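Single-structure report; data block below.
Chain lettering (A, B, C and D) follows the sequence in which the chains are written, and residue indices restart at 1 in each chain.
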Amino acid sequence: MPNKSDFAMNLSTPHVYRLSIACPDKVGIVGKVSSFIALYGGNITEANHHLDQDAGWFFMRTEIEAASMPFDVEQFRTAFEPIAREFSMQWSISDSAQKKRIVLLVSHEAHCLHDLLYRWKAGELDGDIVGIVANHQVLGEMAGWYNIPFFYIPISKDNKAEAFAAYEAQIDALNADVIVLARFMQIMPPSLCERYLGRMINIHHSFLPSFIGAKPYHQAFKRGVKLIGATCHYVTQDLDEGPIIEQDVIRVTHRHSIEDLQRLGRDVERNVLARGLIYHLEDRVMIHGHKTVVLLEG
Amino acid sequence: MPNKSDFAMNLSTPHVYRLSIACPDKVGIVGKVSSFIALYGGNITEANHHLDQDAGWFFMRTEIEAASMPFDVEQFRTAFEPIAREFSMQWSISDSAQKKRIVLLVSHEAHCLHDLLYRWKAGELDGDIVGIVANHQVLGEMAGWYNIPFFYIPISKDNKAEAFAAYEAQIDALNADVIVLARFMQIMPPSLCERYLGRMINIHHSFLPSFIGAKPYHQAFKRGVKLIGATCHYVTQDLDEGPIIEQDVIRVTHRHSIEDLQRLGRDVERNVLARGLIYHLEDRVMIHGHKTVVLLEG
Amino acid sequence: MPNKSDFAMNLSTPHVYRLSIACPDKVGIVGKVSSFIALYGGNITEANHHLDQDAGWFFMRTEIEAASMPFDVEQFRTAFEPIAREFSMQWSISDSAQKKRIVLLVSHEAHCLHDLLYRWKAGELDGDIVGIVANHQVLGEMAGWYNIPFFYIPISKDNKAEAFAAYEAQIDALNADVIVLARFMQIMPPSLCERYLGRMINIHHSFLPSFIGAKPYHQAFKRGVKLIGATCHYVTQDLDEGPIIEQDVIRVTHRHSIEDLQRLGRDVERNVLARGLIYHLEDRVMIHGHKTVVLLEG
Amino acid sequence: MPNKSDFAMNLSTPHVYRLSIACPDKVGIVGKVSSFIALYGGNITEANHHLDQDAGWFFMRTEIEAASMPFDVEQFRTAFEPIAREFSMQWSISDSAQKKRIVLLVSHEAHCLHDLLYRWKAGELDGDIVGIVANHQVLGEMAGWYNIPFFYIPISKDNKAEAFAAYEAQIDALNADVIVLARFMQIMPPSLCERYLGRMINIHHSFLPSFIGAKPYHQAFKRGVKLIGATCHYVTQDLDEGPIIEQDVIRVTHRHSIEDLQRLGRDVERNVLARGLIYHLEDRVMIHGHKTVVLLEG
């Protein structure tokens, strides 16, 4: 197992509070929130707004230097609650010092796991990988090398209900904040989709909505597309229809066999999943209906 | 009207014959063809092969300096025919000095026409734009400025059969080799799809097979994709299902309205159409079933 | 000349004030500014912040719906001045209804002019092209077609001082807010660089700082790079060293001749110049030392 | 240590001979070579030509199914030699069954090593990683996990000559065909540059020729570029001036700190190095003066 320091790039992430707000648009929201922060001497280190004019809905994400505020997160909640009520806000506040607990679900394909583990060690993921649950044993050694608990729960046609109950129990036992399907390649039962709504993330190996369902690279090959892609999205009960967080593509030609598409696609999948997960971990993604608002620094 | 010389970049395209071959794979094809060319002292300036191993099908495109051969195109055909028969080739030979005659079909959106006319003047298109046929009058002045004959043939719900007959007559009168639907936005009748099979090119404003049919940018907006695209393809009777020649995409975010998608998409559409058309004009595209083989210089 | 309506996409740009601020970082800036806007009932439609932690410098761009404020721009200035003083702000306020006056300087290459004129007609540029000044006559007809005044002022080795004095006089007569060197390919005299500092924009046909100076495509060809690019930057007295607004690249191979690089590069140049100019017109670019802060919607 | 089969994607690479030719251009080269191959019943599976018209130099790479020829590599050489002489060819023939022996030189940064080891295990590299030589110990465990011999040879200001002699001895002992500087970050002595000319590959963390030398991300940050890149090139005695094999870039903004550039750049570096190495391993790269001809399937 490598020491974390061997990989880490000394990314000094400042200690901040992240305030996320979504509410019906109304004059004065920004002013009110900013005044609240200024009143307590808060130092805003990043701010993003988005006004969806068609929907009349307003989105706002603010990072505030924690040390500049006289509050912990709980006290922040109490003090801010009246303002939130006034504007009918859906809102949350998170503390960057409270790392999200990540559980990875994997099968037998290594590329996404391999990449996420590296990025985690290198300090790119603002969260802690606390466990890996797999329906094949093959990736256990890789998990072991990174000292991550690995749980092997096989799934067969006949044991699906029990198996997924065991997955759920394990995810609970690990106290997961985020569940990542890192090429898990199993259709999640509706109950789990519902239960982990907004915090279960999948990587689909096509540029959705093209090639929904099984064997997307085979479908892409058959159609003769000139670009293949990958899509990171929240899991919902509608297969491959969840809100999209991130997508990307790579160029291919008639020369590429299905195996070539799979090989090239792996590079896209791992990058798209990593970016989508990072956005989620940093509380940059708000779900609005079937779509996402991803508040990056522009 | 600008002088051609005002725009042109002195692109000196050499005079070549372009030999295109598709046939069942068999040992010795390349050797036989190369020997034939060498026998007559031909100088090969570009060569591309593609072996589709699944289909057992072989594709080959060879450019030969015309001056190095003792043949004109007709004599070339006669001399090569026995070899073609031996290998059951689907084949063609074209002379780069015989520019293809291009007819553009447009409606009222200017961006693709504006771009193609510029590229033509700049010497980027290996062909001659001999006429523009439109169902709206608005782009007539632009055509006029470039001294291209412009034919206005309106289409309404009630006159479709007659209108398309008039389009066909006009295309015939112009003696078109290639018909380009440069955002023509009309569904072509099956008879014309059939008649111009393999030489009628469309630009669809989505990354196919996503968002087939009407209003693809509205569909993309609704789905919340993070990239939008455009597809250049041959027109077949199955709407938006023809063999794809070229595609590309551009990144978008939740910030972009449908109007923004349309605006950003225009830049992709014009580039994708231009590239697809250029490949066709240079005889680089071979249709194989529902797919294309595009033999570029790698 | 086309009617504007022929091209325009009905881009309904809302009437806003754009408040740009740069100042030493200090707690409470955002709160103070937001409170000011809220106090007068202003509706913030877009907000961007950037904190340069190394430099201890803060940047802020806010769009406010004009109709929501009880001020015109002049009154806004008066009311805001005390706050600006308190934080030692470098600041400006602009009214989106006051379109910037754009003067294009061109030589004989058409591609950037052709593209900008189209985008202007299509409503993509938030400004008015009020004149074109050229040292060759060849693009005059294109200007004429768009009904833009065209001024031909030749430059030779012997008349440089007089010629540039005439350019300056013409730019002044046109009352230019922005001067765009759309492949003007002349080195501007220091006095003009100084006078138009921060509002004269150039497109350089390389990915700076690679291939500074003359014939960058020849240099790129010689070095054998696998990507070529273009750079949009503010003009300063140091040739090709001004603050960079935007850059992009395109892939090339050993197959491409210098002419090919020029042809492919044109597509990059026109897009990069258009994007850089649009950012400037929308007051999104702040110059800070030798660099820019470009406050896009992320 | 993972079993190779755990990662591998069943990439069945066919057994081929790869014939590479560079020579002065002359009529009949392709015909002669093809006739030679056809004479012995050889089945060409891939063919690429490139004619450098300025230099009057012709490049050709042909893959021939090994089983279709009656020769082993040595016999091929003997039979082909007279043709090679006739056209003054610089040429080589390689057997895809003879995997190239790869030695990686690393320092303490993990990302390139981590990526290459994964790709090797996944069957993407057409070669064998036979050893890793490092001037820091930290990556030894990673090497160990993949069962690759790891040699720690520290380098200090005072021991450079001896240290590099030890590197040379170790590389020789490993019988290396290719030496990859996977972020080795040491300037190689001229004697080694000379000795391993054309088979020592470096990844430089900038888009060359921008930001030659030390700390390119610091230089990029200071200049305010909007894209950062990486360059894979052959090592020559002129630092960062060797023939470029592959390059790529990624978009950045004013928001990104130097640490951010380093983090984002790592993704580009690992991909560019992998692609460049793969091209070399498959004998796709020919060096011609200060440039490369990379004969990919187009």
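Basically, a residue touches a chain if its C-beta (ideal position, glycine included) is under 8 Å from a C-beta of that chain, and two chains touch if they have at least 3 such contacts.
Since the model is a prediction, treat every value here as computed from it, not as a measurement.
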Any chain that touches chain D and chain C: A, B
Chain whose average C-alpha position is farthest from chain C's own: D
Gap in Å, rounded to a whole number, between the CA centres of chain D and chain B: 37
Approximate Å spacing (C-alpha centroids) for the pair chain A, chain B: 42
Residues of chain A engaged with two or more neighbouring chains: 50, 253, 255, 296-298
Touching residues on chain B, where the partner in the complex is chain A: 50, 52-54, 207-211, 222-227, 229, 243-249, 253-255, 257, 290-294, 296
Chain D to chain B touching residues, read off their complex: 27-28, 30-35, 37-39, 41-51, 68, 295-298
Contact set on chain B toward chain C in their complex: 1-2, 6-7, 9-11, 108, 110-111, 114, 118, 122, 124, 138-139, 141-142, 145, 253, 255, 259, 262-263, 266-267, 271, 297-298
